[in-house]
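Note that chain A is present in both complexes that follow, paired respectively with chain B and with chain C.
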Partner chain A sequence: MKIIEVNHLSYKYNETDVAINDVSFSIDAGKYVAIIGHNGSGKSTFAKLLMGLLEPNENSIKEFGITLDKKSVHELRNRMGIVFQNPDNQFVGATVRDDLAFGLENRCIKREDMDAIINEYAEKVNMVEFLDKEPENLSGGQKQRVAIAGVLSMNPEIVIFDEATAMLDPKGKREIRETILKMKRENPNMTILSITHDIEEAYQADEVIAFNDGKVVFQGKPEEVLKDEKQLQDIGLDIPFVVSLRNKLEARGIKVDGKTVEEVVEQL
Partner chain B sequence: MSSITLGRYTPRDTFIHRLDPRIKILSLILLMVAIFISYSTWEMTFIIGGILLVFIFLLAAISKTSFKSLFKSLRAMWFLIIFLLLINILVKPRNAVNIAFSIGSLDIYWESIFQSLKIILRLFLMITLTMILTTSTKPLDLTYALEWFMKPLKLIRFPTHEVAMTISIALRFIPTLLIEVERIMKAQTSRGVDFKHGKISSRFKAIISLIVPLFISSFQRAEELADSMEARGYNPKAKRTTYHKLHFAWNDLFALLLCTIFMAATIVFSAMDFTIKTPLFVPWLIIGICGVLFYLFGIGAENARRHKK
Partner chain C sequence: MKLKFNHVDFYYGDKAPNLFEALNDIDCEIKEKSFTCIVGHTGCGKSTFIQQLNGLLIPTKGSVFAGDFVVSSNKKERTKKLRPLRQKVGIVFQFSEYQLFENSVEEDVAFGPTNFGVKKEDALKLAHENLLKVGIDESFFKKSPFELSGGERRRVAIAGIMAMQPEVIVLDEPTVGLDPRGVKEMMTLFKELHDNGTTIIVVTHDMNLVYGYATDVIVMDHGKIVYQGTPNELFDKSVDEYSLETPLMTHLIQELKQKGYKFDLQQIKSLDDIVDVIAKQKGGAKNE
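For the complex of A and B:
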């Protein structure tokens, strides 16, 4: 089933600044899709368009088979969630507890049910002991985990990560990646769109879509699309370390097909 | 930074911390009225002032507000105190008759000294009360209380919820922005900007190099925050449930009654023109009993809680 259909989508901030230029593609339900591209390639704009935070051109986006417009935007938003890049700027509440409650309040969840939901989702991202902490006493990774819990607590069918790990230190990055993978394991039907610079992360996805100058350059399985070094360099990206390792081994006549460095080492 | 930490919320578990924030605000207003009631004689002014001082110190003790920070706030007012003393001494009060001493041809009246002492005492009491309120109440709870008080304004379509949300977001971002200020200052210092030394004009220019980036980043933050709130389904006009519930309990009633009695007593004394010659045991008795009761109650409640643990 196609959960997101994009049809001749264009968006410009002003006459000269065209962010998205006539893009068409679709995403299947339940997939983990990585959207890659260098800075200013239009991928973040695309995320905001999907959430209805920016207004797309008419009939260009369909989510769950419903056309995104002014009337349907609230209903569609209720079925989706997004985690942004800056951990501070999406923390609304005074404490972790209040922040998780914020989304529930918006959904008109009954007061009596809130505590149970807050505890359940704080547990899922290992933040229970921090429930009464203020954001300034949390690390970036912890704040992002709160943001993820906030999104998950609303049972979304699509979750978008807009460079959610870009501002974190390596430890925070690892925490968030693990949280995303755990989330995917627990909800196999959830569609995940991860907008990322991190080519290694993209390599773990089910599908990769590459943006360049507001256009989709290619879409496909990571093994297929992430091996052409020249093509990736043309759009300002590197190929994953494993792929370059495998390419070099292949050049010396050694054939391996591991998906991670560990697997390649194992096979050698 | 120390002026910002003055009167900041300190999480403790005391009788006053547990009071409903609405009651605390109401009590603050009632006690403020009590502070600003005036009397016909100086004796009465200072007796009541003294009783209020003792009472408010008791409140500070119960709420475990640090006395050190109270006196720090007094120290921060030194300029105001000297200014008040000077003005009052130079300007002869209307009914001044008792000369305290003379410096050359300038007569200093007792009334001038009393007048300035009275103002200083009132200011100090006011500041102490406000500090007790802010150290014992979470800023967010104060916001909820304000939202509750503004409820009637909804009838004239005043956006009470939006105002409360704005205040709570502002409170939420104060520490974040302070960290940002520190970061920008460090960045600009490393580029050779000097914030601490030099002429006022050059320091002013230095401040501009702090404010401009701060403004830009604040607007960026605001935009991102708005996006994220909207993405999480926030719609100020739509119906929302509230996670925080304010609870009015019997101890709130007690506190409110006590403060009401206090205010009423001062008004009665002022209106009935009590002087030092009238048998003073009546006001003393009422106020004394109130103060002692409150204190005992505070200690009792404290002990009861400790025993439970």
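For the complex of A and C:
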């Protein structure tokens, strides 16, 4: 099933600044899709359009089969969640528990049900022992995990990560990557869109969509689309390390097909 | 300019129980004209460490020697005027894109040199030269910094430090949030500055950058220096000990070594060099 359908979508911030230029594509439900592209390529604008935070041109976006417009935006937004880049900008509560309660209150969840829900979702992101901690005592990765728990507790069908690991240190990045993969395992029907600069993360996704200058340059399985180093460099991106290794070996007449460094070395 | 730490402790807060020991007995030397990376987990003291380098923070105990300058906890030993030191050792802070304040890009970059006594017109000339070096062309010179993208503003901030013509440039996580092309451009710029004789000190979490660019590396943990040496030695032996990420290149070399391939790490500068070794040693050759 197509969960997101984009049809001749364009968006400009002003007359000269065209962020999205007539793109059309679709995303299947239950996929983990990495959206890549250099700074300013249009990918974050695309995420904001999907959430209805920016207004798309008429009839250009369908979500869950419903056209996104002024009337449907609230209903559609309720079925989606987004995790932003800066961990400090999305923490509203005085403690982790309050922060998670905030989202539930907005959804009019009964007070007596809240505690159980908060515990359940804190558990999912390994934050139970931090429930009464204040944000200043949390690392960036921990704050982002709280943001993820907050989003998950709304039972979204689509979750968007807008460069959610960009400001984290390597440990924080790893925690979030692992949390995303765990989410995917526990919710096979959930669609995950991850806007990222991390080509190694994109290589782990089910599908990759690349933006450049407001256009979609390619869409497909990472194995199929992330192999042309020159093409990727031309749009300001890197090639996954293991793919680069395979390409260079092949140029020397050594053919291998491993998908990890370990698998490739095994074949040498 | 040689930089030397002599048993430096640094505490935030002035009385117990609010004291926080950020640096604990730092004793090290940063070589003149080196490209030194400082790594370690968030909160290990890296940012406190770099602020000792030009006297923005004064050691609670011990002394920092920067060329002829002495930044000592002991007032009598301390160089009276530290301002000239700040021209020689320039620090680009994290998220420097939020630290521009002048009306135009060129004035922002010219601020530093003007402040250190360079005439306005010469300062503007320095500003223009250095803006071009960081890839900001003339069309931006008169614009307000607020009209620029985050990546562009960060480059303006770096040009502002370069325009003071310091002997040492210190950068706190200069590549965070940049896309791969931006990272490469930024690191290439630092490499050029280094090739031209500037000492470069970069705080980073990205071990692939340390592998690719650093001549020296300092690992910090809980306010102490736990390792100082070359990146090759660090990644070859003790990456796990300090729970740092293994660079992709090192990971590959380690896997290949287990398979019986032999490497002279001094000769390995790029993935092509590794592939060369594989091509030469693959099959029977590696057993010879």
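Some points to look at:
Please note the rule applied: the second predicted complex is superposed on the first by the 265 of 268 C-alpha atoms of A that agree within 3 Å, B and C clash if a C-alpha of one lies under 4 Å from a C-alpha of the other, contacts with A are read in each partner's own complex, and residues count from 1 in each chain.
Throughout what follows, contacts are C-beta pairs under 8 Å (C-beta built on N, C-alpha and C of every residue); 3 or more make two chains touch, one makes a residue touch a chain.
Since the structure is predicted, the reported quantities are computational estimates derived from the model, not experimental observations.
When both complexes are superposed on chain A, chain B and chain C fit side by side without a clash.
When the two structures are aligned on the shared chain, A:Arg246 is found in touch with neither chain B nor chain C.
Angle at the C-alpha centre of chain A formed with the centres of chain B and chain C, after superposition on chain A: 70°, rounded to the nearest 10. Within the superposed three-chain model, A:Asp88 lies in touch with chain B and out of touch with chain C [touch as defined at top].
Once chain A of one complex is fitted onto chain A of the other, the partner contacts of A:Gly236 are limited to chain C, with no touch recorded for chain B. In the superposition on chain A, contact of A:Lys48 is made with chain B only, not with chain C. Touch criterion met: A:Asn78 reaches chain B, while chain C stays clear of it.
When the two complexes are overlaid on their common chain A, residue A:Phe102 makes contact with chain B while staying clear of chain C. Overlay on chain A (Cα): least separation between chain B and chain C is 5 Å. On chain A, the surface touched by chain B in one complex and the surface touched by chain C in the other have no residue in common.
Of all residues in chain A, those touching chain B in their complex are 48, 51, 53, 74, 77-78, 80-82, 84, 86, 88-94, 98, 101-111, 114, 134-136, 150-151, 154.
Those residues of chain A whose C-beta lies close enough to touch chain C in the complex are 37-40, 85, 139-140, 163, 166-167, 169-172, 197, 199, 233, 236-238, 241, 244-245, 248-249, 252-254, 261-262, 265-266, 268. Chain B contributes residues 138-140, 168-169, 171-172, 175-176, 179, 220-221, 224-225, 227-235, 238-245 to its touches with chain A in the complex. Residues of chain C that touch chain A in their complex: 41-42, 149-151, 176-182, 205-207, 244-245, 248, 251-252, 255-256, 258-259, 261, 271-272, 274-275, 278-279, 282.
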